[in-house]
Structure formats: C-alpha cells, structure tokens
Amino acid sequence: MNTKIQGIIPPMVTPLMGEDIIDVEGTKRLIEHMIAGGVHALFLLGTTGEAQSLSYQCRYDFIELVTHQVAGRIPVLVGVTDTSIGESLKLAEKAKACGAVGVVAAAPYYFAPSQQELIEYYTALADQLCLPLYLYNMPSHVKVFLEAKTVVELSNHPNIVGLKDSSANMTYFQTLTYLLRNKPEFALYVGPEELTGECVLMGADGGVNGGANIFPELYVAQYNAAQQHDVNKVRELQQQIMAISTRIYSVGKYGSSYLKGVKCALSVLGICSDELAYPYRKFREEERNKIVEALKEITGK
Amino acid sequence: MNTKIQGIIPPMVTPLMGEDIIDVEGTKRLIEHMIAGGVHALFLLGTTGEAQSLSYQCRYDFIELVTHQVAGRIPVLVGVTDTSIGESLKLAEKAKACGAVGVVAAAPYYFAPSQQELIEYYTALADQLCLPLYLYNMPSHVKVFLEAKTVVELSNHPNIVGLKDSSANMTYFQTLTYLLRNKPEFALYVGPEELTGECVLMGADGGVNGGANIFPELYVAQYNAAQQHDVNKVRELQQQIMAISTRIYSVGKYGSSYLKGVKCALSVLGICSDELAYPYRKFREEERNKIVEALKEITGK
Amino acid sequence: MNTKIQGIIPPMVTPLMGEDIIDVEGTKRLIEHMIAGGVHALFLLGTTGEAQSLSYQCRYDFIELVTHQVAGRIPVLVGVTDTSIGESLKLAEKAKACGAVGVVAAAPYYFAPSQQELIEYYTALADQLCLPLYLYNMPSHVKVFLEAKTVVELSNHPNIVGLKDSSANMTYFQTLTYLLRNKPEFALYVGPEELTGECVLMGADGGVNGGANIFPELYVAQYNAAQQHDVNKVRELQQQIMAISTRIYSVGKYGSSYLKGVKCALSVLGICSDELAYPYRKFREEERNKIVEALKEITGK
Amino acid sequence: MNTKIQGIIPPMVTPLMGEDIIDVEGTKRLIEHMIAGGVHALFLLGTTGEAQSLSYQCRYDFIELVTHQVAGRIPVLVGVTDTSIGESLKLAEKAKACGAVGVVAAAPYYFAPSQQELIEYYTALADQLCLPLYLYNMPSHVKVFLEAKTVVELSNHPNIVGLKDSSANMTYFQTLTYLLRNKPEFALYVGPEELTGECVLMGADGGVNGGANIFPELYVAQYNAAQQHDVNKVRELQQQIMAISTRIYSVGKYGSSYLKGVKCALSVLGICSDELAYPYRKFREEERNKIVEALKEITGK
C-alpha cells in the first residue's frame, strides 16, 4: 500500500571528489545532517544530484551508498530520468533492490516529445517499472512542459503516484492542484524552495527543495508553519529562505549558480566536497569567498 | 503625495463594436459593474484592454470615456506601453488631462532591450512623464524579463512607484518581494488571478486580475481574506477562481483563449460586446456555447 | 501592372539627430549614396529603419522626405508593420500619396497570432490596402514564424506580391522557393546579407541587406555575380561581406550591435548621424573607434 | 595522419525490431544500399540514429555490427554525444576498437552550459578521447548554440577536426566558413540536406544528410555538381531534394516527422524496419500510405 509522502524532500546533491568519484564520507555526513534536520524523505539523482552528468556505474554506487546509510529511517526516492527507457528501468531495478520506495522521472530530454508522446512514454515506463513513479516537470532542462491535462490523464495510471513541479509557474501549479482536487492520494510537490510556503498554504504536499541540503530545519519549520496556516511564521521564515536564495544561489552569471552555490555552501560548512561534474566546475576562490561571507550573515556566526 | 493603491485592479477589457469602434454603452455598464463589485482601481489599455491592437485615436477616446464615467470614484491607471517613447508620452498627457492617477508601461516590444537598455529607457520615460509610472513585467508579450535587479534599481526613481508582474513566475515575484522589503511604498501587484491569493498571503499589494471584469466581488473577497490571513477562506474562493480559469479561459487552442473567454463571458452576461480587434477574432457559436455552459455551472444559474 | 523588383533593396536606416528628429541632410546624402551604388529599390521604415521606435508623425515626415528625394529614380517600398491594422492602413495611405510602389508588413508583434490568425489578419490587411503588400518574416522580433504553408496560402491573394525573410533559416527559405516555384511573379527576398549570394544562386529574387546602406556597390556586385552563376566571384565578394558582418556588426554584446554598427559606420564615413532612437543608444567612443579601425581595414584606406 | 573527409556522410538510422532490438538484416541492407549509392562516409548514433533513445548495450552492439559490415570500405564516424563525459569516453573506446575513424559530440543536453563551460567541456573531452572529435551544433535538441567564437577557439585543439552544423542558420554557417578560412584542414559539414547544395557552392566540405539513407545517389550527385560549380545542375537536383523534404518529412504534426518519414520510407522500399524507439512511435497506416504515395511520385515508379 502506498502512503503519501508529505513534507520536505531534499533533492540530495551528489558529493564528488572528482569525475565519477563519490565523496563517500561527505555523503554520509550530508545524510545524517538532513535526517537530523527533520526532513521527511530523500530524493537522489535528480537535477540537484547532477545525475545526468555521472556515469551509470557511479549512479548505481551512489544509490547503494545512500540507501545503506539511510537504512530505512526515512523513505528514499531515486531519479531515473533518462533518454533511454531501458536505462530508466535498470536504474529503477537497482533502486528497488536497495530499498527505495519510489522513482522520479522527468521527460526524455534529447528528443522533445509531444503531449501525446509523453502520455505514451510515461504509460510504457509506468507499466514496466517495479516501483511507483513520480512525474517530474522540469521544462527548463527537458524542453517540454508536462501540461496539466497530460498530468491529469497520467494520474489515472495505478503506478503513477505524484508530481514534482520545478517550473516555478504557479498558474500551472494552481491548475494542477485544482484539477486533481478529487485525488488526494496523488502527491504534488513544488521544486523551487522560494515557493514551498505559499504552495503548502494553498494545499500542496511539500517541497523538493535544494536548500534543505544545507539548512534542513529551516524548510521543515516553514512547511510546518504552512501546514498550520500560521501565515506570519511562514512570512518570517520566508525572509531567511529568500536571503539564501538571493545570496547563495546567485553568485556569478552562471546558469548553474544554484548548483555551485549549494555545493560550495556545504563545503564551507564542512559537510562535503564542492566538486561538480562536467559541464560544470566548482566556484573559484573569489566566488567561494562570497559564499563564506553570505553564510556568516545568514547563520549569524 | 502618492498613496499606494492596494487591492483588486481589473485590467479592463475594451468593449468594441468593430475595428476601432468602441461599444460605449457596454463600456459604461462594465465600469458600473466593476465599481459595484468593490474593485479598488481600474487599469485600462493594458494587455487585456487590447491597447496595441487599437488605433491611437481609439485609445484616446477610450481614456476619455472611461475616466468620465468613473468620475473619480476610484483611481484610474492607463497603459502607455509603446515601442515609441514619444507615443507613450502623448498617451500619458491624455491620461493626465482626463484625471488618471498613474500610467503603466511594459518594455518596448519590437526591439528587445538588454537590462541596461531597459534601465536607460525607463529612466528616460519616467523623467519625462507627467504621471507616476508603474512598471509592467510581461515577458511572454515583450520578449524580455524585467530582472529583479533592474526593478530594484528603477525603484529608486522618484517617479516609478510600483510593478505589475504577469510572468506567473513566483520565484521572481518572491525575489522582488524580498529585495523591496524595505520600500513599503513601492507597490507589487500580480497579474494572473490564479495567484492573487497566495501572493497577498505572502505580502503583495494586490492583483491586476482580468476575471474581475466578470466577477469583481469574487476577487475582492479573496483579496480581503488573504489580507486577513484567513487561509481556509482563500482556499475556498480559490476553487471558484480556478473553475473560471479552467472553464472560461481555456476554450479552443488559441494563445488568446483567455482574452476571448473574458469578452465572451461579458457578452453572455449582457455586459458588453465580445468583438475583438485584429489579430484576434471573437469565439464562434460552438465555442460561445461552451462559455454559456461554463457560466451556468459557475454561477449556479 | 506589377513588375517584380529584383536585386538589392537596402532597408534604409532612419538618420536621426535626436528623439523623433530626422537628420534631413544625412538622409539626402544617404539616398544619393545608395542610388549611386546601383541599388535596385529602397525599403524604408523597416527594422533597420527603427520604424517602431519613432513617433507616427516622424514616420510620415520620413516617407515624405525620402520619396521626394528619390523622385521616382528607383522604386520605394514602405514598412507599415504595426500592431494596429488601422495605423498600418494610414501609413500605407501616406506611402501611396508620396509615390511608394508597395508596402511591407511583418506580423503584429504584441499579441502572437496563430497561423490561422495570421492568414485572417494579412487577408484583412491586403483587402484594405491601397498598395501591393510584401510579407515580412521576422520571427526574432515578432515572436511568430510565417510558416511556409501560410505564405503559400497568402500568395494566392491578388494584393500580396512577395516576401522578405529575415529568419536566416535557409531550410525555410528553400522550402518557400520550392513551394512557390510555379509562381514566378511572387518575389522572394532574403534579409541577412550574409546569405544573398547563396540565395540568389539558388533562385531568389534579391536581398534586403542592411550593409547596402554603407557599401551599396558590393552587394549589387555580388547579386550580379550570383545572377550570372559566377560562383568564384560570389565567393570572392563573400569574403568582403563577411568581413563587414564580423567586424562592423559585432562590436559589443548588444542585441542591437548590427543596428549600432551600421549607423556608426555611416557616421564615420560622413554620410549621416549615428543617433539611435530608444531603447537603443549609439556607440560610445571606445566602440566607435573599433568601427573606425574596421572600416580602415575593410576599405583599405 | 588525418585526411579530411569530404562529401555526403549519411547520419545512419538505427534499424530496430523493437525496444533495444536491432534489425540486423535491415542494417546490413541499408549499409550496402548507401555504399552502392556512393556515399563518402557513414555517421552512426547521431540524432537520426536515435542514439539517446537506445540503451548503451544496444549502442555498443550497433557500432560492432555496422563497422563489421562496412569493413573499411568507407570511413565510419560514431556519435558519442552524452550528458556524462565518462559514458562518451567509453563509447569512443568501443568505436576505436571497432575501427571507426572519428567521433562526433553535441553539447551535453541536460544542463545547458555557457560558452566558457562548452570550451572547458570539449577541451576535457578532446584531451581524453582516443579518436579525433567532430563538434556537432544541434541547438534545437541540446538547448545551446556552439557560438562561432567558441568553435574558432576549439578548432585550435589538435584533436578537434571539424564541425557538423544542424542549426539551419546559414548566417552562422557563413560566419564559421569565413572565420575558419585559413584552416582548410578543419571540416565543415551542414546537417539539413535542403542546404547542402548552397553550402558546398559556398565552400563547405559536405553534408550529413538524412535523406542519403533513402536516396544516396541523389545527394552525392548534388554534392558533385556543387563541387563543380554547376549551378543549373544543383538547382535541378534541388527540386528532387525539396520534393523529398516536403513530402516525406512533413507527414503529421510531429516534431519527429522527419525521423518517422525516413524510417517509414526505408521500410516501404524494403530496406529495413520502421520501428522507432521511445519517445517516438512509427507512422500508423494512414500516415504510411501518404509516404507510399509520395515515394511513387518521387521515384516515378
């Protein structure tokens, strides 16, 4: 039986020491840091996890490492987004063997499918998957939008159980919330952490928020406040969340400033390494210093 | 002295009988309908007002007609968005002469300016304008985004007093809300009516919501609930707002379904004509019937 | 009777002394320079002419000035691209009154029409126009592509006589050339001057090339070589055309580098002023010096 | 020593019997068909080869099968485009072991790199590759454009030997041709077959043209005519090439009409199966009938 996961589900970074070399100790520290911070589940090998930039062997190893360390304390979801349905299925088999409870898949991202092709693709994938599937709307990276009607149709598949939306388009999210109002078992998560407060106030199930790698308690606290309709508290915590967003994720003029910022902050805080996989590179000294300074102001230390 | 306008500011449709022919009686009925519904101000000649599709003479006549009918009962804002700064200034002079309290301008929409060019353009415009200027972020129509840093810089101009954001990108809106937190006199309005509830809960000043042409009380009621932090009421009214959004604005496969839907609904309700200016045409019979049916279900009549 | 214009048709810049102030003497010099260079026609108030940035009065005055100076020596086409069909018609009336032989219109550029709406719009426009209409495909500025099927359908209208394509997408241009192969009276011009050589080799009618403001003989010479299937000559002249393209049009990181470069080069050569209308500004000293240097190398003086 | 490949290099389709199941006999027939048609080299596992949709095992098997069948009669290039640099390198090792002479890589296509990141990525890739690298500009699928300056810089790497451009933007292609005019050993190929004629007339090295799977002689003949500056012959053959383009590649309203059309035509001609990998599906009966009819008219049989 499928129990809906609600709350803060960090899209975990993949700590690296070099190309396809996992920072094992950093990974363990990061997991303990997030669990101690009260997060409700973990999502690995997503966009924040740089999954597409890693070799498959590295991805398999990471699934093993994380699930072993988590050891069932919280549910683990695994990203299986791929352009090859066969590789998605193999990743899912590994995930299941290691005890993950679900998989997450954005659309194939080389060829841009039409909405009808998305329905056929996801249906074929869900039919063959050994674990429940969460859809993942990530138009900036995969070029196509999972339109609301497409999601509604796919929500009828018994093995499709939820959606993570990283579009930041809240008209879309509100439309989904409305159209799926009679399917309370279907989970709706929001990607951008700047929006978890308002989305949960309006009825969403939680946030898949990258910042929860760094400051898990903060996002959990805002989620709880929103659940309790404590608008003043939500807005108060939003100030900290926006300080992180505007100070940690916007250093340099990179499309990858968010990713570099999260990994750099984790490194500055001594949690894990800040290496990134190609095509991205970690911050240089000057940029790292800005993160150091921002962290001081944000944490007040 | 500038008093900040807060609440629901309908972007008024321009009722038409034909190309550049105003539906005068419909315009009067529509104004009375919205004022009776409690809206806090009016915004004419915006996107919903099809300003760009009208001849300048028609725009001047409409400014005169509307301001005369409103007769100072609520503040009137006038859209002066143009590709020619000279034409924007002339529209603003007309607006001032007729008693409007402010003007609204999206970026020039033929040549796509850089952020630096936007700053220079808006500064030159605000320097010469005879009325306070509201910025208007409308990337889908003008091709450029008014980046958060650009807005923050422009907010220092004494004659730039607020911004309407129609991007539906709430990460952007939250970023603006945060960066402008120490300028409470600068107004932040959200365009998509599906988002007014959550935006006002999070601190925004109001919504420039097209649906308030049709059902002004509904949007005013949700604005008030959000102001009072009544989350349950906001969510309850959101159901009606989403019913309108999904039933009235999504008939056919047009980019203009929203505009056609609003005008058609006003026509079905006997308020004004549903003619549109080129390049758009009003709904045909079959589509109109869907609006009739949707209105029955929504209004329960 | 309509005789097809073939050859080089410069999209004329609008020499300015300031906002909406025409550089009258510069305009006259520029016209004489281009006619002396052998161009086959003139196109004013297009994208290169910054039409959208000028007040309407300024546009009317410029039509009068140019047609008076040309005095029938070569055909004149006038851009009437507008978001308001009424304003397009008024511009066309002025053009006809001044002796222009045709008008050019890109799609309305605020609201993005569908292909069906484009057909309806252009049909309504052509029905009412007092001069033959040339379509203008300019997707980067108007957001929509005039699809090949749309052009083919519109080519059946008796008052639609040709198309200028500024997309730089040559698959599209080849498709049009093929689909319209049995309508030799329908003119096909290419916008980017880097492509006139190959397009005319493959059967196009000419180029609407901005560089012909500066070096009219060069583009005329390449057109003639291509007409005569002199591939070696086309490739030899292409070297000079590409030197201009890469040296004059790519100073700075502006979307408007082309426009700034053309006007700056004309100013350096003493032909007309380099002022631009908002939202663009002319090159600063440092950038102008690069143009000076590039012109020296290109002209060998 | 690297001898530049010139001429027609078909981007070979991957004949399939089902998901990740190669149509072995069809593959052999297709290879013999193309070699008999005079093509100058083969490019496998590109976009037309649906590489990204296949499992890695399937890709390895296909490299083996093709290179074994070709048996050195013509050079073979292998696509190694991937989001993981490690997987690209493994594909290249397999290609080298099987006798391929070069590899082709578009940019990583999940995360969109900046131009600087592209330079770093391609440099790292070329440094480690065991075979010469051809760049592949495919902005519609990978979201980023390999800007002309980026290509020029990368052309200095001793292991980067050419570029295939599938952008259809001929201003870009002309710019590359000009900027690389002093590096005659660097190969420039055009992707869209509608443009091979004009590109070779203007100096390009050849075409990577999907239609050469079906009608290899036609594209070889046009390439030869263009090499000999026989403009009339190029234009005459262009008529057939455009008939294929407009009749075979544009059935249905799919983004994948080209791919479906090529495979369907090969199936109708008895060369190989028309199965496609997810997210695409082969044409249904009605669409196939249109291909049958088009082939009859085109081949005159």
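Every chain is named by a letter (A, B, C and D) in the order it is written, and numbering of its residues begins at 1.
Keep this in mind: a residue touches a chain if its C-beta (ideal position, glycine included) is under 8 Å from a C-beta of that chain, and two chains touch if they have at least 3 such contacts.
What you see is a predicted model, and the numbers here were worked out from it, not measured in a lab.
Participant: Moving only from a chain to one it touches, give the least number of moves from chain B to chain D.
Facilitator: Counted as steps through touching chains, the separation is 2.
Participant: In contact with chain C and with chain D at once: which chains are those? Just list them.
Facilitator: none
Participant: For chain B and chain C, what's the span in angstrom between their mean Cα positions?
Facilitator: A distance of 35 Å separates the two centres.
Participant: Whole-Å distance, chain A centre to chain C centre, using C-alpha means?
Facilitator: From the centre of chain A to the centre of chain C is 49 Å.
Participant: Residues touching two or more other chains, restricted to chain B: which are they?
Facilitator: None at all.
Participant: Touch graph across the chains, line, ring, star, complete or other?
Facilitator: ring
Participant: Taking the top-of-page definition of touch, could you list the pairs of chains it picks out?
Facilitator: A-B, A-D, B-C, C-D
Participant: Okay, in this complex, where on chain B does chain A touch?
Facilitator: Interface residues on the chain B side: 168-172, 174-175, 177-179, 181, 192, 194-195, 197-199, 201-203, 229, 231-232, 234-235, 238-239, 242-243, 245-246.
Participant: Over in the complex, which chain C residues touch chain B? Could you list them?
Facilitator: 19-20, 47, 50, 52-56, 58, 83-87, 90, 107-114, 117-118, 120-121, 124, 141-143, 254-256, 277-281
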